[in-house]
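Chain nomenclature is as follows: A, B, C and D, assigned in order of appearance, with residue numbering initiated at 1 for each chain independently.
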Amino acid sequence: MPIYKVVKNAEEACLGISDGMTLMIGGFGLCGIPENSIAQLVKNGVKNLTCISNNAGVDDFGLGLLLQNRQIKKMISSYVGENAEFERQMLSGELEVELVPQGTLATRCMAAGYGMPVIYTPAGVGTEVAEGKEVRNFNGKDYLMEYAFDADYAIVKAWKGDTMGNLVFRATARNFNPLMAMAGKITIAEVEELVEPGELDPNMIHTPGIYVHRIFKGENYEKRIEQRTVRQ
Amino acid sequence: MALDKNGIAKRIAREVADGMYVNLGIGIPTLVANFIPEGMDVVLQSENGLLGMGPFPIEGEEDADLINAGKQTITTLPGSVFFDSAMSFGMIRARKVDLTILGAMEVSENGDIANWKIPGKMVKGMGGAMDLVASAKNIIVAMQHCDKAGNSKLMPACGLPLTGVKCVKKIVTDLAVLEVRDGAFHLLERAPGVSVEEIISKTSGKLIINGEIPEVSI
Amino acid sequence: MALDKNGIAKRIAREVADGMYVNLGIGIPTLVANFIPEGMDVVLQSENGLLGMGPFPIEGEEDADLINAGKQTITTLPGSVFFDSAMSFGMIRARKVDLTILGAMEVSENGDIANWKIPGKMVKGMGGAMDLVASAKNIIVAMQHCDKAGNSKLMPACGLPLTGVKCVKKIVTDLAVLEVRDGAFHLLERAPGVSVEEIISKTSGKLIINGEIPEVSI
Amino acid sequence: MPIYKVVKNAEEACLGISDGMTLMIGGFGLCGIPENSIAQLVKNGVKNLTCISNNAGVDDFGLGLLLQNRQIKKMISSYVGENAEFERQMLSGELEVELVPQGTLATRCMAAGYGMPVIYTPAGVGTEVAEGKEVRNFNGKDYLMEYAFDADYAIVKAWKGDTMGNLVFRATARNFNPLMAMAGKITIAEVEELVEPGELDPNMIHTPGIYVHRIFKGENYEKRIEQRTVRQ
């Protein structure tokens, strides 16, 4: 019965990703990002991407690498500080940017994975985020109608995964990953540990394999820390 | 003497009560954690997916997979829970978080807040702030009373793009503690040695002063 | 000779292909699992919260916490996953389930299905059926061609309250295999020894017969 | 820092539940039902309840006990077979019944826990479930607008829980429990095993304690099986 989702490596995983596509990329800051797949996209040189990702990496890591390379046409994110090249491209108009409240971003991913066309949220009511959007009052409170995302590929990073595509995430590296995993037309998962079916506790799987199309064991994770803070 | 950042954080910590779930924003709000009294049962939420945020790690024990919403390395505590971003903002939207403390560039007399964008200059994005202010039960803003040019940040109306409307309940600045209510800033306390006149002169929005204003005790 | 329940299930099993995620309803559909060829990679979804449904347990190993949507005790397989009901119907609504097989009281020539209520007589509820038929990529109905009184269950329009509209793609009955398309039942196969005339006489909805109709091979 | 949610027993947990309230009761069939709390409600004799629960138990177990006792005014469920007394009360008009598609039921609970006032689902479009409801077309497909539930209390059964209210469920006894746990104004959890904070893996908690108000260790679980099926 095991449906086998394993591909050899990032190269095979990223087959089919082509110019102009919309990609979801998991991670919060540099935490829980699919490092191998991003490196592969840089190598492929695929262009004019629309990237849905909470952040845009830093100048020389994460999605920052794709930005440096001018492979991204549009970013859909909630927070894009920490990245000078990003700010430059955005202010100069080279890069299109859609800023989305973080909870709205997360819930629009979930909505896609749960087959819900829209969600209503109070985030952004009365702000420029509400411009052009339907505002509707429920129980005396205003909400914005926000659409589920529609992504060609979702690329996520998990801690462990099995050959059927079941995923487990670790600590706050979970963040957007399980939501985006549910939302891609095709979902690619790179994992630190690839195991056989039955090795993961069925009670403790965050993403069921039905949502995952390709899985591979990533290599040489750098896991860079953005703000190294320690106790005095 | 105006309050320094730790002073502001210390004063805000007095608003935290036993049994609360609290979300701390980046900057001064983060410092509030240091002043929550020992033995008080409070759980800190970090909107990137953690309930039960602990202190920074000991050097050498930093974990790249374990950060807070400010991307700082942190630790967990017994009873901590990780979850995804949808659940994190789900619990925020469902008003399960009792208190939200965050910074601001401007606050208006009717409780509007602006803290995410300076048109043409700086656009870092709103992160989770718009979700937090739209749904929080109680919002306290921690900020300087004036900007670097000396202009009041407590205004009749915000000039910058808004983060949320009519949501701020209380403000703690370097000079004062104010309640936002009925379309005005109500002065509750003044920083030690700071005169009511100074606060009046540095508050451009409608300011209500009722009776004697005590000094902040921290 | 009309197909018995196992025959219907056996025929439906031929519609299952490698790599599919399949949801099996209560009754005949449950039997389909017994006829999926060894070595074929198929995962069964049970909408109460399981992917990777295994066979019934060995006597003595029943687990009250482990049941299928028909409330029967079952087992898991390597790679099984449990999840909550919202995620279960989330994946159904998002069309991640490739094939849904369920029973019906009536099917109409335009693919409407009724299987949850007989007004004034029986109301068990729709359970997950309305969600399944509203979102499934491919729906096959397993049922008897006629009800106990001998009335056709393949009708011009359903008389009973609907479960879903224009959703059924294929029907396998004791007498025939039919495709539902363009507002008509298209006869594809007949049960061994069952004549086309008998199927015509027992189908009250619009029936299209094109050329020679082969016997079901199971 | 641990916020302590433990109450002594079902009696203390059910304090405040009074006539006419709306309760969510976890479980699917008899699987994962809060046996101790249901027994307590029978004992309390609280009446005119509206119960949101996927099923209505069987004649002599689960919510069937409250039905026998005429404590339920209205049931909101997806499937109510397996219960002769239920059918009798419903057909005679003694009991008000709102039948809701199972996925809609689950998602309306989730919506409450996620602060979403409504959700859209295609389930029930074109059927009597759609009567009186807003139908809206998104991307060429019709959806019904369904409201989040509003429950005074949610009562759930978990496998393990800690004193801070963090919950873990087992196998298919999970079902509606974590969704309802998020949805109650006050949420009561009964657990088979009550442990100290730190004993549950923080990566593997299904319901964060922030959603749970009262927790206690249940006793004498019968865990009745509805359809005992075994391999030939």
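The rule is short, and it goes like this: a contact is a pair of C-beta atoms (placed from the backbone, for glycine too) under 8 Å apart; a residue touches a chain by one contact, two chains touch by 3 or more.
If you're wondering where the values come from, they're calculated on a predicted model, not measured in any experiment.
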| item | value |
| --- | --- |
| Chains contacting each of chain B and chain C, listed by label | A, D |
| Reference chain A; chain at largest CA-centroid distance | C |
| Chain pair with the higher count of C-beta pairs in contact (A-C, C-D) | C-D |
| Centre distance in Å when chain A and chain D are each reduced to the mean of their C-alpha atoms | 33 |
| Between chain A and chain B, centroid-to-centroid distance (C-alpha), Å | 28 |
| Separation of chain A from chain C, taking each centre as the mean of its C-alpha atoms, in whole Å | 36 |
| For chain B, residues contacting two or more additional chains | 76, 82-83, 86, 89-90, 92-93, 135 |
| Where chain A touches two or more other chains, by residue | 107, 114-116, 121-122, 169-171, 174, 202-203 |
| Every chain pair meeting the contact rule | A-B, A-C, A-D, B-D, C-D |
| Residues on chain B engaged by chain A in the complex (per definition of touch) | 46-50, 55-59, 62-68, 70-74, 76, 82-86, 88-90, 92-93, 112, 120, 122-131, 134-135, 161-165 |
| Residue numbers on chain D that touch chain B, as the complex places them | 1-4, 112-116, 162-164, 166, 182, 196-198, 202-203, 205, 208-211 |
| Sites on chain C touched by chain A in the complex | 19, 21, 41-43, 45, 51-52, 76-83, 86-87, 89-97, 135 |
| Contact set on chain A toward chain D in their complex | 107, 114-122, 138-139, 141, 143, 168-171, 174, 201-204 |
| In the complex, chain A residues that touch chain B | 28-32, 54, 77-82, 87, 90-91, 97, 99, 101-107, 109-110, 121-129, 159, 169-179, 206, 223-231 |
